[in-house]
Amino acid sequence: MADVASPIRVTVWGEGRHEKRDATVAAHYPDGMHATIAAGIREHAGAAVTVRCTTLDDPEQGLPDAVLAETDVLTWWGHIAHDEVADELVDRVQQRVLAGMGLVVLHSGHWSKIFKRLMGTSCALRWRNGDDRELVWTVDPTHPVAAGVPSPIVIPAQEMYGEFFDIPAPDELVFVSSFTGGEVFRSGCAFRRGRGRIFYFSPGDQDYPVYHHPDVRRVIANAAVWVAGPAREVTPIAYAPTGWFE
Amino acid sequence: MADVASPIRVTVWGEGRHEKRDATVAAHYPDGMHATIAAGIREHAGAAVTVRCTTLDDPEQGLPDAVLAETDVLTWWGHIAHDEVADELVDRVQQRVLAGMGLVVLHSGHWSKIFKRLMGTSCALRWRNGDDRELVWTVDPTHPVAAGVPSPIVIPAQEMYGEFFDIPAPDELVFVSSFTGGEVFRSGCAFRRGRGRIFYFSPGDQDYPVYHHPDVRRVIANAAVWVAGPAREVTPIAYAPTGWFE
Amino acid sequence: MADVASPIRVTVWGEGRHEKRDATVAAHYPDGMHATIAAGIREHAGAAVTVRCTTLDDPEQGLPDAVLAETDVLTWWGHIAHDEVADELVDRVQQRVLAGMGLVVLHSGHWSKIFKRLMGTSCALRWRNGDDRELVWTVDPTHPVAAGVPSPIVIPAQEMYGEFFDIPAPDELVFVSSFTGGEVFRSGCAFRRGRGRIFYFSPGDQDYPVYHHPDVRRVIANAAVWVAGPAREVTPIAYAPTGWFE
Amino acid sequence: MADVASPIRVTVWGEGRHEKRDATVAAHYPDGMHATIAAGIREHAGAAVTVRCTTLDDPEQGLPDAVLAETDVLTWWGHIAHDEVADELVDRVQQRVLAGMGLVVLHSGHWSKIFKRLMGTSCALRWRNGDDRELVWTVDPTHPVAAGVPSPIVIPAQEMYGEFFDIPAPDELVFVSSFTGGEVFRSGCAFRRGRGRIFYFSPGDQDYPVYHHPDVRRVIANAAVWVAGPAREVTPIAYAPTGWFE
């Protein structure tokens, strides 16, 4: 358990594959998408956080127990290698989230094993890679994750994600996006599971430089702080017998 | 209390003023907007309902106690005369809703006294009368109110209603709309209050022939049936002392 | 897909092991707990349903594809053999629920693989087998599942289940129980997942004759009808690309 | 608007009548219930807050505009004089809450004009003044309002409040209580309305020294900080026309 007054320990997990094979992605993100995501969190959350990066191709897929044990908040971006993530790792991440670790799931991470595991649904959606303009509207203006960004956030070009998005009704719906094609999407969704908080935020396709967008960075930094929660006690919930109450 | 097997008694309340003064509205709705709304409910709900109309300019503003006592579901459309509705009538309608009467609030009814009373918030929103195309997307595909309509419903021309819409988070969010201008709006919202159900559905400005749209009519008919609930017991909730439980 | 007007096809799945080894359970339920649960559904839902039973020790653990394909609503009671249920069966049941099949999870079924899969959480709780009296209070008096039962339902002797119950916040909280020991429990919880509805209802330990209790039977029958939904369309949700909207 | 880094300005509003007429209440609370509530907030929230008291019998019923304008969080306890509170004051408090002021409603404040106004429902409940022991169980263990208190909080003697409690389903259900008589009650409920947060907490009858209970004091202090929100911007929500988005 972290000292409450100490910085939130954020681990940015990146799949890290597109950058190695797609020239466009490498051009947008020469140090990897994860590095840009991490820089945005540092930029906006400042001394409240310490941030490190890890990727699928690192030892133990980037998340050995020792790393998870020192992680208050995990962010997750993956796309073409979801199936490579070991089920055993998904088990461990799920247990950590239920015990209190925060989780920020980004864009195509909606289709990751860990997000589907925590939601219990297919997490399917409709999509189109067609240079849509995305407008991200705030529908919960007092939510901490929406602090400091305009409504709408304007993203000039982005992949379209559209409804129906097969998730449980979020505990708090914070953002709804529209796209040039007229589609809508619940693009910012907060969930509480076990002792953990989860935030899903959809902007961020690899084919567009979305993680350089200042408002997108601000939202992700806000989310990282919000899912950390007030106490950061990592305590499993027990299935336990009990005596009579005295 | 109605016999459960008997038809749902729907009362369509219309403000009925635009039709008398605006040629465009009268052209769209020669018998009044309320008559068109009522026809749509009859068309789609059939033998499950009996429908009558009443308006602001009828005696007792259309809703004497005798009418309310025979109403299982009330639909409400108003716009330019919200302030004329007597507070005493708002009190009576609120009491009926809390005791189990269903309420369907349409379009500019968001700004009615009765909707603001039941929500407790300002029910403010942003708008533009600019011939936007509205697309109404289903985000809760199993909800009875969404049965039988495509996603999206396409409304070629309609007033834009945009977020932030100052309502409590709906108990069930069923529809989200987008507009030509890129705005989004929570256009179909279900609320439970006391023993009553409320459904707000935003399509339907007086300047456009929206209530002739077959999918819009279907949704309103679905909503009228849904808010009626399974039992239609109109029973006030008591503030009551109680003895020890035996 | 079933004809909407035809009866709801309910399959009562029972673990069926306690009855074979524990004299007390066999005395309460000589034909098996599942037979008593099925009888209660038939008694209260009447012509609206057809009900069959199947158990863990039947071929393909009671749920071959042919049975699932003819099931609109599945009820699930298990306890000592959760681990024996094949992961492959859990996959198939999950897919059916997400595609629209209703699911009623009973008592110790909270700890079943299928419930944990659909919730994404540990579903842990606190318990005590100590002859507590359980009082089941209705906190959503208009919910169809609560129709026709008193508040509270009085269960003279029952196992205690207590908070914290590690589930996602239910979409609708219908019942809250108290116990002799002073504990409370969210004992009736509705969830929507994919196109399916799920209802969890906690009364019903094998050591007490709870499924003979008329109010408990009524709730389970209500739940079976409610999770069937209005349409019973079993349609998978697609992860699908899409062209520009026209 | 307050500087975010400055202390939260809490105003504890007390009805202040029981203390003047009932010897038991005066014995429990020689300086008034409000003074004890204020002391508990100071004790637990420390430098994060500044706290002042005001009562119904102060000028302008204790809440002239100048006081409201300097209030980030208002706590409300009333009982026998709800009807004396001016509708005009209720209007002003509602507007402030919708614009971002936090509100903590205590015990019999459930029946106050301002709470009923913001909820839109009757806020009725069942009760018994019979020396019940109240156990306050946490059902949302990560909620900031539940930080630092045991589950259950044990209150040796207290008035019973029981379901059905006629409120909208809370946005977040944090506490559920049981009583000696077996009743249950949603005793800690969070609501978001407009830009404001509201927390209802039921322990605290005038006939029992409940506001001296350390865990109750901790919860109220937590709630005062939580409803203050992250930004404390008091900004009305506009009903506003808008041009096309560029």
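A, B, C and D are the chain letters, set down in written order, and residue numbers restart from 1 in every chain.
Everything below uses one rule, namely that contacts are C-beta pairs under 8 Å (C-beta built on N, C-alpha and C of every residue); 3 or more make two chains touch, one makes a residue touch a chain.
What you are looking at is a predicted structure, and each value in this text was computed from that prediction instead of being measured.
Touching subunit A and subunit D at once are the following chains: B, C.
When you average the Cα atoms of each chain and compare centres, the chain farthest from subunit B turns out to be A. Note on interfaces B-C and B-D: more C-beta pairs are in contact across B-D. Per-chain CA centroids place subunit B at a distance of 34 Å from subunit C.
Our note on geometry: subunit B versus subunit D, Cα centroid distance of 33 Å, whole angstroms. Shown for subunit B are the residues that touch two or more other chains, namely 135, 140-141, 152, 162, 164, 169, 171-172, 182-183, 192, 237, 245.
Viewed as a network of touching protein chains, the structure reduces to a complete graph with every chain in contact with every other. The touching residues of subunit A, when paired with subunit B in their complex, are 133, 135, 137-141, 151-152, 162-165, 169, 172-173, 176-179, 182-184, 186.
Note for the complex: subunit A touches subunit C at residues 94, 98, 111, 117-122, 124-128, 130, 160, 162, 164, 166, 168-169, 171, 181-183, 191-194, 236-245.
The part of subunit B that touches subunit C in the complex is made up of residues 100, 135, 140-142, 144, 147, 152, 171-172, 192, 195-197, 229-231, 237, 245.
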